[in-house]
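Quick one: this structure, given as structure tokens, is what I'll be asking you about.
When the chains are written out, they are named A, B, C, D, E and F in that same order, and each has its own residue count from 1.
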């Protein structure tokens, strides 16, 4: 019973407050992310979307001044508890970044590296192929696996980064504006890929592009700047609902571009 | 995370990974410590030699020179002159008289002459700062035993006298005055030569040079010059400025040849040599500063209908000048510390008079240090250390200026 | 927008105006740039010319194969000098490369912002200290230290070990700061990528950041070697005078640079073979360092292409 | 913010009003022309329906352009979709007016079965409802939009009354069947206008609330 | 490329087909029930119209979501706008079927004025046209879409025939007027289905070409 | 007659071919830009939009390898003729860039500088105010004219750049993705501003964002990569037409995201 309860969401934030030094960057986030769905986080610049996203796999730990208050439940465990190893968290909650950032290694090594350090015991060639297929890149690179990852185009690089992430078999993939550095065509490819991935992974994606959130996501979380300049989760719900009939005036104003 | 099932297909290798991470991070820390320790050792080593006990022995006890119970320090100049006349050779006294009649000299001057020529204090032995601090009694015992006539003073080798005295064959009386002045003269020439040329070249390379073979050649050439050992510049300076251009560098072409020099081993030669040496540094630093000006700024300017020079003058230079100056200062401090090229170009090691023009013979601080370091007598090590402190102080203040500039710079763009 | 309407009038004059000032400025700037070529020509020409004199008296074969350098008796084999140079360089590199790289890794990957802010300037101070000071340090600190460790009868007062070690210390900041630059130039995003895959700090630093910066680091290494080879004052002060073909680092031996300084420091007469010999050595030195620098620049350029 | 878009929406609303008043005019005129058996006027109304069609097409096109170029969402999108719908309804009302005009033309020399009394009343009532419905739409007046459809009962009652009356006439004189049918037809058209006004009101509610709850308008 | 969107459009087209077959079934059934005076069946049809309405609303909603989330342009946008329109037309056809069902219910115990022959024919014809029109729409078959409307003449002819026949009946027996009107009404509803099929075809042409040239469908 | 003819378009490219070194970047462009309208240039990445835009005020001159072939007629004069001074051209055809690039000077000087070097003789204060008003920035900065231009937010900076451009009173303003570095809100502000500006200036804007082109422009030029990887002008026409009913299949495919 409890088991079931614990596992009903992919990840869940409870009264999460995020700080940079003394400043409260995001206030009181409560959100439950559905499994194997795409959840988009939208909102004006600086409202803390990235901050919240990075709180989900303790990526904020890398910023010395950042700290969190409240809890982020993953498999029923608060990942901010003392005894949690952030390295362990990150191998289960992967991340894809705004700018494609392949390692300056071969395509093969890009994919294999993460699995390797994590002690992957299976057949590496198979894993690499499987991951590249999963990222819809296999056909384009299968004859050039030893070419540098940097020699690919932007869109291909981003898919390589996705392949690398799924190679360590995470539960959840966090994406921070994964297509904002790409042209429209490559963007659409990534969007299609995200939908494919959602069959196996839970995806949380931050995007500046409302239309993109509308296009790809199942759920949308709208963040906004509160009065005290701390970000707040303004509205959260099914994407179709949010974009055709949002509950809050601010959400409506934001998505129809009548803000500020 | 016991609640979460182990990742399928992945070994549980985390603890081991964390362990090796810890090991290596400690190693990196220790290495950093070694670097810091080396610096501290170096500074302590210098401080250690710059201060400490000195056992002074006088040839003549100053007390024996007292006249009518008035101690030497309080004697009238006339009495002092008298003592001097009594104790030095007549020829030397005449020489002094010719240089400047004694009536016109100040009391201090004559007193110094008496101490130097008559009392002739000499360091019988010196001790380092550490010995002086921690083995005081042993030192005293040693002095009492070995140098019964000597006075034991705790001396700071770097002191007012040291700063204003010219070079001397006697370590206790030697100072860095001529060396500092020499260094300043040389640097002045260096700057005069290298700064405009360097900045001009940098502007040319960054703003005007197209992708032509000549420009690529210039750039590669400058990069290579920056890596040429300084001693090669010394050889070049020797061949070009000292020898080939001797009529110019000696000042002969102006007819204002310094009587003390008869060749091209002058401040001018040294300055130009160091100028050549730091020119690539200035160019490269200035290029970097100019390159740091975002090209968007240039585009904006051109987009408004500005000409090339308007763009450079109004936007590129104002925004890169702090960077250029920082780079120049760093290059200057490099030049200030350079020794080898000056040795090769022919710095004089023993100059007691102030340099007066670019055509004077010269010495410089690092030369002085080098020279004192290679003397066998222990007390020259002490004044070498003192000179090093002077040099480091100058460099440190230059660097401080550079840091201030750089901070201002990084705040701006 | 009254004026605007005017600008729309057909009488638009787009014709060129001659700007003499601009051309003049450009010409003088070009000359400033081209000046450095003169320097190189000067170096090659002057060194070459005098070296020619030298090689007209000493055969190239003798110069490059001889193991004795005694100008007084007409022995001009470069090996004793070259060997001493290589020995000091090797010792220096044994010190500087591991320590320098470790410092670079520590500063760029481990140090807190504050630690980096304090440590970097300290290391820069180390780099800014004139080499003659290091010479002093070698002579008055390192040598006594070595002697107290290995025994005064084993270690000469002047020896290549002491000079080499101190050259090592001298180039530590050079290695660490260039390497750190290379490491810091590795985009933050690459580190985040590694962490995002569940890498530890060490794995990120050594398996991702370091390989990504490897060419920059190689360049740093090579430049440091070149610097060590050309280093003069430390060896002039601490390594000893007089050529000595030995592999014992505790013996005195004169390096190429040390020899040049010693010879030119005296009052040498301009047409002696001694005088010419320093040009021959200089030329050798020049080409050694030049080739190292060229290699390192190649590497750096490739490195830049990846990240800029 | 989004000035162009706001402007475009304003334009569209204006066009809907224009289209609405064209339809209103056509309806009133067509009944009036029938009442006075003014065939040339009916012909004119008949021909002018093309203008209404064209206007509707214009509005539809503008909505398409607005959707294509302005990526509307939420309220804006509901508004545009509704405009599309309402323009269709108004065009259809124009068709009804055209139908009434056609009846007058077909009747030719034949007399009216009976003098028209209730039919003009019905026309006035429906046009009044239409007018208010459009105002409610423009102003997004939720209350009005909810209350107007209840008035449709009045229209329905008038229609039933006319129907019953005409049947009596035909039973009395079966040869008047054709002429009865014509008037019945006209009445029916007006009754349908009432239904469509209800649709417009539903759309207005939809725009404001996002809820489309359709009343039954079939017959 | 744009897999979701393609998928959504496919879904919408499927839904239109479903909606279409619901309407087709309702029309055929309603006429058949009338023919056989099967009142319970008519009641069922009458009640089931709600399902058609709901389906139309569902389609409309899906189109709105697609517009809001997929920012369609050009062909896609025309397709979506047309789906909006066609769904409306189909729902309206459902209303016609409901109307016919209602006639059967209202008739109650009364006999048919005459046995139905042409009316079922008419129903078959219009439903056939509708079916082909929807296929043409799904397949964007421009030729079919252009030719189907010409067949409306057949429907119109059938209608005229029924009309004339009924008038003869009424003149012969004026008390049959009410029953005549009912059948006339049913025929009229079917005639309107024909008109609406024409609309669907026009939309298909519009989707393919971007040109909406409206044939006159008023009456 | 001719007079009239000459002035009928703001600028006009005839058989314009643009090269970088040996490579043909853009082939055979023929386009006539309407006066006081907004013309958008869209197309996939690398198809040469920026190259064409920069050809319109000889900004490509600053790239050593770039050269042009064919003509760009401005006031009936081919600006690529020998005797034409590019500096002169740029004074009349201003440019706004992708990343806001104010000078690191005060707001006032940012606006005044261009006019100054161009020898503006009128009242500078008035010009600055007028230009800032024209760029919809006056109210936000009027009390801080001596603050640095860099202290403004991204959107404000971009408007400052626009103010600076209109201060030299050009005929035409070229904009290369002027809002791509801005958040959605700032973007909408710039778009509104562009529409205001179109009352006085001819605006040509390159954008990656189809929706933006759709929103703001009167005319749209769709560029595409030809078979030989040189860009070509595929379709040019009224924006509403292009986005609802494009003539060419490629245009349709591009704007509906079915490319590649």
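Structural remarks
Keep in mind that, in the parts below, contacts are C-beta pairs under 8 Å (C-beta built on N, C-alpha and C of every residue); 3 or more make two chains touch, one makes a residue touch a chain.
Just so it is clear, the model here is predicted, and its values are computed rather than measured.
Least-squares overlay of CA atoms from chain A onto chain F yields a rotation of 180° to the nearest 5. Annotation: B-F is the more contact-rich of the chain pairs B-F and A-D, by number of C-beta pairs in contact. Shared residue numbers account for over half of those found at the interface formed by chain D and chain E, and the copies are therefore classed as meeting with the same residues. Per-chain Cα centroids separate chain A from chain B by 57 Å. Averaged C-alpha coordinates put the centre of chain D at 48 Å from the centre of chain F. Chain E and chain F have CA centres that are 52 Å apart. Multi-chain contact residues of chain B (touching two or more other chains) are listed as 17-18, 307.
Residue positions 200, 203 of chain C each touch two or more of the other chains. Looking at chain E, one finds that residues 1-2, 5, 61, 64, 68, 71-74, 77-78 touch two or more other chains.
The touch graph of the protein chains shown belongs to none of the named shapes. Annotation, chain-chain contacts: A-B, A-C, A-D, A-E, A-F, B-C, B-F, C-F, D-E, D-F, E-F (touch as defined at the top).
Across the complex, chain F meets chain A through its residues 44-45, 183-185, 188, 208-211, 257, 259-260.
The touching residues of chain A, when paired with chain D in their complex, are 210-211, 214, 243-246, 252, 255-260.
The touching residues of chain A, when paired with chain E in their complex, are 188-189, 191-192, 195, 211, 214-216, 239-240, 243-244. On the side of chain B, the complex with chain C involves touching residues 17-18, 20-21, 24-25, 27-32, 34-36, 38-39, 41-42, 45-46, 49, 196-201, 203-205, 208-209, 214-215, 217-218, 220-232, 234-236, 238-240, 243, 276, 279-280, 283, 307-309, 330, 333-334, 336-340, 343-344, 346, 366, 369-370, 373-374, 381, 384-385, 388, 391-392, 395-396, 399, 403.
Of all the residues in chain C, the ones that touch chain F in their complex are 1, 3-4, 7-8, 10, 12-17.
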